[in-house]
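Chain naming follows the written order as A, B and C, and within any one chain the residues start at number 1.
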Amino acid sequence: MGRSGFRSASRTVKPKILVQLDTDAQPSVFDSVVAIDAGVDHLLRHQGITPANVRDRVHGAIFTRGPADLRYTAIFIGGSDVAAAEEVLAEVRRSFFGPLRVSVMLDPSGANTTAAAAVWAARQHLPLQSSTAAVLAATGPVGQRVVRLLARAGAKVRVASRSQSKAAAVCDAVRAKFPDARLTACAAASPEETAAVLAGANMVIAAGAAGVQLAAHDALAKAGVRVAIDLNAVPPVGLAGIEPTDRAVDREGIIAYGAIGVGGVKMKAHKAAIQRLFEANDQIFDAEELFEIACSLG
Amino acid sequence: MGRSGFRSASRTVKPKILVQLDTDAQPSVFDSVVAIDAGVDHLLRHQGITPANVRDRVHGAIFTRGPADLRYTAIFIGGSDVAAAEEVLAEVRRSFFGPLRVSVMLDPSGANTTAAAAVWAARQHLPLQSSTAAVLAATGPVGQRVVRLLARAGAKVRVASRSQSKAAAVCDAVRAKFPDARLTACAAASPEETAAVLAGANMVIAAGAAGVQLAAHDALAKAGVRVAIDLNAVPPVGLAGIEPTDRAVDREGIIAYGAIGVGGVKMKAHKAAIQRLFEANDQIFDAEELFEIACSLG
Amino acid sequence: MGRSGFRSASRTVKPKILVQLDTDAQPSVFDSVVAIDAGVDHLLRHQGITPANVRDRVHGAIFTRGPADLRYTAIFIGGSDVAAAEEVLAEVRRSFFGPLRVSVMLDPSGANTTAAAAVWAARQHLPLQSSTAAVLAATGPVGQRVVRLLARAGAKVRVASRSQSKAAAVCDAVRAKFPDARLTACAAASPEETAAVLAGANMVIAAGAAGVQLAAHDALAKAGVRVAIDLNAVPPVGLAGIEPTDRAVDREGIIAYGAIGVGGVKMKAHKAAIQRLFEANDQIFDAEELFEIACSLG
């Protein structure tokens, strides 16, 4: 039995507490149910969270349990406004005191887990490092994270938006984080411009708003796209010819994923991430870490 | 052992989650404690709920668990404003997607469970179908539901209010739901009018506001009433001579129930209903369903 | 086995519910985590609590469980505004109905548990009844409670503040509660006045605001102080020469406690108090009761 008698003094098991910090006026039920199904024992749900009122919440999280037990408390930052959630995360980090900290997950609107699942799906079929990816509607919260994840994995990324300047701003922001990113800002305001964005890309990820079609199906085929992922579940979908439930479905020679098809992996990554929050007290799960978690699920 | 080895793939047991949607500025502690005592594992409490902010809550409830597990999530709609709660219920129903739905209980201010318990009490002593019931102060939230339940069970119902036109409006509303309802709208603004309402009725249920006496005790006796139920716990009670704690007490030949006497059944029905919410994912518990549950408790 | 077969009918075990009533716009995470670690099964957290909206919360707590089970529901009153919390407590008491009540703990900003722990620390080293204590910055929420606890234990207390009239008001308030209190109101606006306050005192407790130094270390030594307790954790500390983590540390002949050193006992008392809330349904834990609990922990 070897070391079976060994017990570290710090091996108490405390109830798992997740402090759910939501920037909206009502906290997300979605995030709460996933947390419960991931094994959280107690949810402390907060709405209307801003950088101004988050510090006391963080201090309550870090000053109540001994250092060895801080891993049993964690923070989830959600809400529909991704920029607001990022500001809250920045203030959460500033509120920690050296080793007195707890793990944090950032997933407002599911933007991080959705982007992670989308890039995970693409990676099942094509090596990212040698791919050229077109990201349509790349300036929204999900799109920006898709660009970040693809670029970090070594893909060449065409960052498309109706507005060239907005696309360029996204490229600048991603390069600030990943200087080696291979990015091209593209305008895609017309079918012709979109065709140019797609030409030669082997994968396309559409991260547009609900009900906005971004590309016709024959445009994908003509461009040589092999994997197409559409993250909009509300018809008309962003990439014509893809069904929301598609999951690695062959659509006239293109491997297609729809929003619901990607959703299964998103949900698994979300749950796994909540569970891993409680493995240590010093983790920050943003898009990159959540992508690693999605990939580790196999 | 027969089929003892059989296990459906969907027979996982998930924690029971109740989404408590309250239209008030603070959520009800009463509803929360009853839910916990009925076995709910996790309460997701929301205050300030309106039709405008409820859809996201519902989507969070229906999009997080697989179809076979949706029965382990349910919604409770409460608050002090019954009309507001009904509008929230309507929007909750509209937010479901076909089979993606969860069970819902509507019990703002306990109006449904109180009405159910009152009619249950009357039914212990007299067959409803051959009864003539007088409902005093019938235009409030509890009174309207008492009328609905009595009429649905086949009783002739005299729907009394100080205002004849308000009484008539209640009759119209109930008939819209139950076209065969046998209803008479009555004004009961004076002792004489009240005596006329009571004459020949074998049961009376008073659903008036706190501290308002609706009928003297000798008026009940003179009218031939055999069962009298008063839902007001604050003296003076609505039906003189009844104590709030009365539960099938003989008061000079009349079987009497007071508000607290009815409260025991109300509480049992409330708890049982919470438990039954989790037996299937497609139930709506409004007054009629809660009355059936009260009756099933025997 | 004698009476081992005996079971009282009321010996059901219900989940422990703590109704957390917070007067701030966001409920305290600190208080919630401590409650969970003290064994609370379900927290019902409320923010924005005022005397005007607390009555319904209390009724929900007292009207939902049978008298024998009311001990499994309790109320915690917190928030950063001590005066507001005290008004809420007064209204909570008024909302009870005779034996229909639940136990209540008042600890806004941790003022009560901090004061209890500070006086507990002093008592480890000197008999309170024969002591002369100087309380600096005695007019704040913690200082006032320190004065109350010392006076009740029989110590002579010098109640010091920059404003003599504010110090006198605190003395009046404490005498209203404990007529035998031996109190002297003192102005301590200059080093000379502070030296006069300290002269002959064998213990000093500093309850000042963060970062305000109240006395130099040699002033303590010169006055003959033997125990010095500083409740301010943010440098500069209130009593020069004391480290926040000091716990019965000898500082040039003076036994010193800093804010963090006192904090361990504060936390133990807080947790123990939450646990004891559920031993009966008629307890009110204010400063005095929390001091007794701290002392009982040994």
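Here are some notes:
Here is the rule we use: a contact is a pair of C-beta atoms (placed from the backbone, for glycine too) under 8 Å apart; a residue touches a chain by one contact, two chains touch by 3 or more.
Note that this is a predicted model, so its numbers are computed, not measured.
Overlaying subunit A onto subunit C using CA atoms gives a rotation of 120 degrees, to the nearest 5. At the interface between subunit B and subunit C, two copies of one sequence, fewer than half of the residue numbers in use are shared by both copies.
Distance from the subunit B centre to the subunit C centre is 45 Å, each centre being the mean of its Cα atoms. Shared contact sites, meaning residues of subunit B that touch two or more other chains, fall at 45.
Within the complex formed with subunit B, the subunit C residues making contact are 14-15, 17, 19, 41-42, 44, 46, 48-49, 53, 56-61, 63-65, 73.
By the touch rule above, subunit C contacts subunit A in their complex via residues 25-34, 36-37, 43, 45, 267.
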